[in-house]
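For reference, the structure is listed below as structure tokens.
Order of writing sets the chain letters: A, B, C, D and E. Residues in each chain are counted from 1.
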Amino acid sequence: MTPVISFRNVSKEFPGAGGSPVRAVDSVDLDVANGEIVGVIGYSGAGKSTLVRLINGLEVPTSGEVVVEGRPLSGMAERDLRALRGRVGMIFQRFNLLSSRTAAGNVAYPLKVAGWPRERRAARVAELLEFVGISEKARQYPAQLSGGQQQRVGIARALATGPAILLADEATSALDPETTKDVLALLKKVNTELGTTVVVITHEMEVVSSLCDSVAVMEGGRVIEHGPVYDVFASPREPATKRFVQSVHGDRPSPETLARLRHSFPGRIVTVPIRDGGTAAGELAGRFAARGVRATIIYGGIGELSEKPFGSLTYELAGADADVDALLAELRSHTPVEEL
Amino acid sequence: SPPPGASSSATAVKIGVADASEAYWQVFQRKAKERGIDVELVNFTDYNQPNPALSQNQLQLNQFQHLQYLANYNVRNHDTLVPVGATAVYPLPLYSRKHRSPADIPSGGQVVIPNDPTNQARALLTLQAAKLITLKGGGNTLSTPADVDTAASKVTVIPVDAAQTAANLPSVDGAVVNNNYATSANLSPQEVIFSDDPNSESSKPYINVFVARAADKDNPTYLDLVRVYHDPEVEAAAKQDLGPTTVFKNNDPAELQAVTKSLEATIQKAGT
Amino acid sequence: MNNWAQLYPQLVLSFQQTIYMVVWTLLIAGGLGLLIGVLLYATRPGGLLRSPVVFHLLNVLVNIVRPIPFIIFITAVGPLTLLVMGTTIGTQAVVFPMATMASFVIGRVVEQNLIAVDPGVIEAARAMGASKSRIILTVLIPEALGPLVLGYTFIFVAVVDMSAMAGYVGGGGLGNFAIAYGYQQFNWPVTLVTVVIIIVVVQAAQLLGNWLARKALHR
Amino acid sequence: MTPVISFRNVSKEFPGAGGSPVRAVDSVDLDVANGEIVGVIGYSGAGKSTLVRLINGLEVPTSGEVVVEGRPLSGMAERDLRALRGRVGMIFQRFNLLSSRTAAGNVAYPLKVAGWPRERRAARVAELLEFVGISEKARQYPAQLSGGQQQRVGIARALATGPAILLADEATSALDPETTKDVLALLKKVNTELGTTVVVITHEMEVVSSLCDSVAVMEGGRVIEHGPVYDVFASPREPATKRFVQSVHGDRPSPETLARLRHSFPGRIVTVPIRDGGTAAGELAGRFAARGVRATIIYGGIGELSEKPFGSLTYELAGADADVDALLAELRSHTPVEEL
Amino acid sequence: MNNWAQLYPQLVLSFQQTIYMVVWTLLIAGGLGLLIGVLLYATRPGGLLRSPVVFHLLNVLVNIVRPIPFIIFITAVGPLTLLVMGTTIGTQAVVFPMATMASFVIGRVVEQNLIAVDPGVIEAARAMGASKSRIILTVLIPEALGPLVLGYTFIFVAVVDMSAMAGYVGGGGLGNFAIAYGYQQFNWPVTLVTVVIIIVVVQAAQLLGNWLARKALHR
């Protein structure tokens, strides 16, 4: 299947402070399949927002070609670009609400642009505000809304016309976990029911793990890793990716935590990754017992990643050193156990 | 910044005028210089300004008004400025490009007149004399367009900027144009369809004068400057600028002062 | 010298003339000025309709017109006024040069106010596929509405002021009345009364403007 | 010890859309001890930002009294209020950077206000920008910075004068996990080294669990729960609090996840909370084995909360039903085991 | 009729007079107008120095002064001009009424531009304990600098325009030169040349203003 969004060696430079330009996006090649939810992660300043803004032509690449729905953006007629944008919803990092319109007015705006008749518009706006849980704020102006409420208006606005592609730049950064969960469910629903392709920039690894099909990791303007979420997270290649993955479920303990753990658990401490198709956590307990080693889980966790179990558990192993060594050797033959 | 008139020469005279742009003033200045008088011109485009400035000693003389204006000013502002010499009287003719005589002007026609206070009332009187308008109560030298009895008048009077009278001649039925503007605008004397007589007694209030503070009415330097004005060379230059119909006047200051007094009395009587 | 009874009809007429001139000028120049201002804003480098040619042409044109002394401007556009209005004198005729000049003045004021609009919201509208004209009408102008209302209130006063010069070409009006019947006649009561009427009109407009601006600000 | 910040029956109303006022903060009584790090959590629109803005007088209460450093804010002279504000740093939800100043200029601004001499200022600014990792962006203007870079400027600016109280309104919302970790470490450092009292509003429960001493939970303008983080999280009283806690380490599986787990793990599934002083996870394995029940950890995790172990584990229990029942009965006597 | 040789010195003088008037007016009114504008902005309801009394007084005062026809205004403040400047006529004297009037005009322009500043940054400065005067000087004005520069450029033209009326009281200047030596003499070449000089001056100022505004915008 042809990708719905495709970056072909795209770079974007901004004029910098000291005369030397800032290369916000650097030689990116990236394909996004139709109906896919792709997460874009990376350090602050990695170029995520710039990358996404290239998709609907808010930024024009310095070099390279962005192809959306099979058509290159460069040289696209203004009309066509507008039509395309009408099919691309965008949630902005800084919300960018129209301060002169109420919450409802903001959500209605893209519907007006799309030429919806008045009655359908009103119903749709009410529905969307209900969805994001701010119906009672419909007639408030942005300046009278809390940060999260503003963000939800931005989300409702981006979803209003039922876009074919949704660009979400940190769409849940100002939301509490509950509301975040609801919004992610909403995005998922939009994705499955309408087949909307979603590009989400996020700093919350839970968003990636619970929502995305694939993930692109950016660093210094480059996409340094890209693939299905499970693959990238289960076996991160780049140091940056590794550090991001550490912050998801089942991380190994930080040095300080480890120090505290050692205080309470004098035995040997190992971390075992839990992966789908690898060693199930349950099996381990049996093996430990068989070897006469008492294993206590002291840290870590098992969660889901792309609907598959994913995580790591840190054990205290208490028993004769030889027994423990033998056990570890056995385990290492099929799982990358690490002794801390 | 321009230096104030504190020139080292013993006799420096600051004269307030409203037409310093006319070339004859340069001849005047040169001639005055020959007599050891440094003339500095201060040009005002607003007629209200030169008299108070003179009163306040910011000027030594001014020359922009006729006796009528001066008298009115003195009465309204309780001032005592006096004429120290005459310059000229100008006819205030009605021009037209569309009609041969005032009688040809259709009723409902438009006539423009200068809106400056030294000419407006006179223009109205001229139009009344031409039987184009009727002024309530017969009119006087203080009439304004508000005094036009529109019901009894044949034409509509439109006061405009003095320079606009000439400029608008093509688009109106008639225009009362000041002499100097008619000259500058190269209006042809053939286009004059009515004019008051500058030599008549009734034109006396419209004699233009040099004005000084009452205390200076006999100041020899100032009287000398009046003579400079009437130097043939200056007069020739002035005629060039102000128009061939200019009539130079050299009335005795005492007479001018007497006329002013009587005009003042009339105004006082008519006044509010 | 005139007395009040004589002047009264003239004053009423002058009032009507001022209203006539100001209303028409604001209607015409309000629209044209908005257009000029929007173009000045949108065609500048990095703008929505960026076009160095249009921007510089317009910029120069505005700067050519604005500094011309009004009486000279009236005369210069006289032939055009004659063509458009059929006459160059009187209250109606003077609306032409007034509206022309005011358009350019308003253009600058509008430009200034638009430049302060957060580019983020313009971007949001672009991202929705809104056309440039729609963005201008439904985003840019509403977002700048608070300052724009104050800008137009400012202009109201400027136009009232400008209308005082209508007397140059027989346009009459309150300003001219104050000068011709008050000031030039050394009639200070008339001057004062007329000026007070002007001030009251302006003050009312300003109160309205302030109130509207506050409504428009939403914060 | 007297609290450094104290709310005494404080309410704040805003004029609402339909004429009826919005009660953003409702009868709040709350004390913050000196040197404490208190987290404020709650749904979007709960009144968190408003509450915090009352502390430095950016909002004036409709009723009640805010007392800071022992002095009521109401009726405080402008001078004193200014002096107080000089000792209170604030990180804004919307950053509020001065667009006319560079990153460095923004950070220098509070130093100028505080009257620092030029040389010290430059050094301090450089140090702070280094701290938050945007030294190379020192001379860029806010509009040229990415969201996270802007936020870091805001953080550096709030910390510039070494404030006695720091108010952080979602200070890490735009930051990636790595940078978040660094910033939290920085806040912790400031707290321990300078004794700065910190009030953090956050939606990230990790921030609360890793940084805060106590936590206040807001809902509908009220503070519905308040206490040491471990106490509030370990035994949440209010439904809202419970839902927040669910999003931290060791949550029970969501219904969808549970459905998938049941598919892979046909046995009985139970969730056991892991608390400090309660049943250690390690012990469980032994007990299961002793009863002849095979237990497999299929979900959940153990993390740290206020430096103590905290979490829950979900097991699949395979064995004779009677055995399992007996086991559960035994466990329930001292741990709130829940069968899913 | 004059010829160029005769007019040239007068033209040069007029140019100097215009520069003199415009520069002094802008210097004085630039400062005073900024003050008035800041006060209008800050004393309004919800403002930094909210004070209904000051706001309404100032608002009314500005609206009283601005609509007065300039020639009447010059005369009305004449006694004050005499007191302050020692004279009421000439280039120097006219700077007094010009600067006074311009102060009020600038006040309104400044007010308009300040109102568009994001209240968030003002709040940030307040939260840092900055004094109100410091906020005004180091936050408010710099944040509005882009539009403010354009506002002052706008005012530059308005002041040049106003300086054309200096001729009322013997102030001279280019505008007056264009009127007296060109327009009133029906000498169109002189008018044209003078107006072109004015336009060139204004155009230069505008280019500078646009450039500065772009520098000040940082976006």
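Please note the rule applied: contacts are C-beta pairs under 8 Å (C-beta built on N, C-alpha and C of every residue); 3 or more make two chains touch, one makes a residue touch a chain.
These figures come from a predicted structure and were not determined experimentally.
Counting steps between touching chains, the shortest path from chain A to chain B takes 2.
Taking each chain's centre as the mean of its C-alpha atoms, chain B lies 87 Å from chain D. Centre-to-centre spacing of chain B and chain E amounts to 35 Å, using the average Cα coordinate of each chain.
Each chain gets one centre point, the mean of its Cα atoms, and the points for chain A and chain C are 53 Å apart.
Among all residues of chain B, those that touch two or more other chains are 48, 163, 167. Multi-chain contact residues of chain E (touching two or more other chains): 71, 75, 118, 179, 183, 219. Listed for chain D are residues 94, 144, each touching two or more other chains. By the document's touch criterion, interfaces exist between A-C, A-D, B-C, B-E, C-E, D-E. Considering their complex, residues 56, 58, 82-88, 90, 92, 94, 96-101, 109-110, 112-114, 141-144, 157 of chain A touch chain C. Across the complex, chain E meets chain B through its residues 1-2, 6, 13, 16-17, 20, 71, 74-75, 78, 82, 87-92, 167-170, 172, 176, 179-181, 183-187.
Residue ranges of chain A in contact with chain D, taken from their complex: 14, 16-18, 22, 41-45, 48-50, 93-94, 102, 134, 137-140, 144-149, 151-152, 169-170, 173-181, 203-205, 243-244, 246-247, 249-250, 253, 257, 260, 264, 280-283, 285-286, 288-289, 294-304, 307, 309, 311, 313, 316.
By the touch criterion stated above, chain B contacts chain C in their complex at residues 47-48, 72-73, 76-77, 110, 112, 115-117, 120, 136, 142, 144-147, 158-161, 163-164, 167-168, 171-172, 267, 270-272. Chain C makes touch with chain E in their complex at residues 44-45, 59-60, 63-64, 66-72, 75, 108-109, 111-113, 115-119, 144, 146-147, 150-151, 154, 157, 160-161, 164, 175, 178-179, 182-183, 191, 195, 198-199, 201-203, 206, 210, 213-214, 217, 219.
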